[in-house]
């Protein structure tokens, strides 16, 4: 993603000097996310969709829903898969071709955050046990990259899945058949929201921009659910965190996440 | 149309079909002279050109540019000069003639991410442009803030005989090093003045095409609030 | 829309098509230039229900190096569909169809772009189809030439795209998804309106020589209409002289 980006020394020094004074380049508090806007149903042909704009980072998530044959060991549950890709329009450093390790990580962290939270009650998405279940695919396309793709994908996915319409299917002769013009609401149990924090020196800031991202020592993405419980974690970067820092991060995540969750709720 | 007036054109638009020379950003097709870029057509003295409103920076000999060091070999540094070509800064330009790759540490002088004010020494498109940092106003830049504008708007920022940039510098107590490549470094001891200068530059970037730009900038600079 | 109904009426007795258009009418086209922050040039186009985002990067360094040409800059194009852009989810990996479309669009743009001034560089055009509804290659081509102009890449002309075709035995302009599925022919055209040159042409289906001629004529007419919208998108971005509101 932002590997290979070289930030100019003046900007680097400016960021570091300001952090010492308790300030950030764009005037935000350390525990404050950039402004988030969510537009729903931007892809009317998809069963659910959302465009999330987090500062200047933009992601379009689209949900496709279709009947699937379940995996042998999970015949009593529907399927939910999230992916993410960085489109080459998003940044000069983005490349076409097979996904880089950064992009694979982005896709997997996005998927884990949604899935591990139990956002949807998967038991309600079974058409016929062991034969046919509802498959929900949420694909994220990053269209503009200004840092912290993890959170932008998290918000786009949660908003798209939360607002999707599930087509009705009936089993006829052992095969699912779509009932035209009939939809059900997704069985949403909670709204997972990730908050990514960058550690720069001894400072920890929420929702780093691409400049902050390029000079950070380590990062952590913490996903919380509507009850304020932690449901997924991902640490990255070449430095570590102390236990105290991690406690502080989880508190920051819960606080910042609650605001984000409100925005996603309001968008529907 | 024989008007001498400047006209808005886009690629493919016929500017004129008279007996003119097709110059910058135009091409002759049959009798017609066609624009190849979004810009303002300018017909005079028997020639036609288009002043571009978009597009990247193409290096020109003697241009002052701001560059960012992105890598180095044992003989030269490579600088991003906001162009389709990177600038080549020979090690000997910094260390002098008796530069030795074994005893001189290049990164001690210029490291990745360092900004430099440089001049284009030689460029002919077959090789990457050669740049130098020895000379007045040139060298490593240690303070200030980097601002990026469209290279096409640099002339507007400078103004007639430097009038626009001088107005900004004097009323905000700041210094602006202008690279022809659209990269600028703004510095000031007064943080408020620095902010104001950057805002003025951003205003010019956004409003470069309006007629009363100077008045707008003046008004902005004189206003008390941010 | 229910998808592949077999009993869809492509043309009614009054000569009205399934989406309410006349035979010689294009869908509604809107284009906005300069929509992406990071790209050197960009455009967002809605061509009927098609929604496509185009970003242009360059001229810039060529990677891998062996692709670079010491005499000229090179043009590279990628047409790509988002997994959620079509009825049934599409595998995100590029298909053979996408590879071919990328190539024909590149060859439709090459006659217009002038890259001799930038030897050893590349201009990358990325077309991302966010929603597809028939005629995506023409829509992508149309958006791409606006994005190239936005980036300031020198061009002899814009390239406008619009398909002609045949459905219910009638020659029609701008084939939509239903007409493409159930119709008789689809003939996408890319056209340089000032130089009057066709730079993209394909055909899927069967046409009599007379119908073929009609398709070309009506298709060029469609391209000229699309060109006016391209022009307006660039004028809106660059020449809206502070008189926006």
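When the chains are written out, they are named A, B and C in that same order, and each has its own residue count from 1.
Keep this in mind: a contact is a pair of C-beta atoms (placed from the backbone, for glycine too) under 8 Å apart; a residue touches a chain by one contact, two chains touch by 3 or more.
Model, not experiment: these values are computed from the prediction.
Listing every chain that touches chain B and chain C alike gives A. Counted by C-beta pairs in contact, the busier of A-B and A-C is A-C. One finds 32 Å separating the Cα centroids of chain A and chain C.
Taking each chain's centre as the average of its CA atoms, chain A and chain B sit 39 Å apart.
Shared interface positions of chain C, i.e. residues touching 2 or more other chains, are given as 60. Against chain B, the residues of chain C that register as touching in their complex are 40-41, 58-61, 70, 73, 112, 114, 117-121, 149-158, 192-195, 231, 234-235, 238-239, 241-242. Note for the complex: chain B touches chain A at residues 68, 70, 80, 111-115, 141, 143-146, 185. Those residues of chain B that touch chain C in the complex are listed here as 8, 10-14, 25, 27, 29, 34, 36-38, 52-56, 58, 84-86, 125-126, 152, 207, 209-210. Touching chain C in their complex are the following residues of chain A: 42-46, 49, 56, 60, 62-64, 66, 83, 85, 87-92, 96, 137, 139, 141, 143-146, 180. For chain A in complex with chain B, the touching residues are 6-12, 14.
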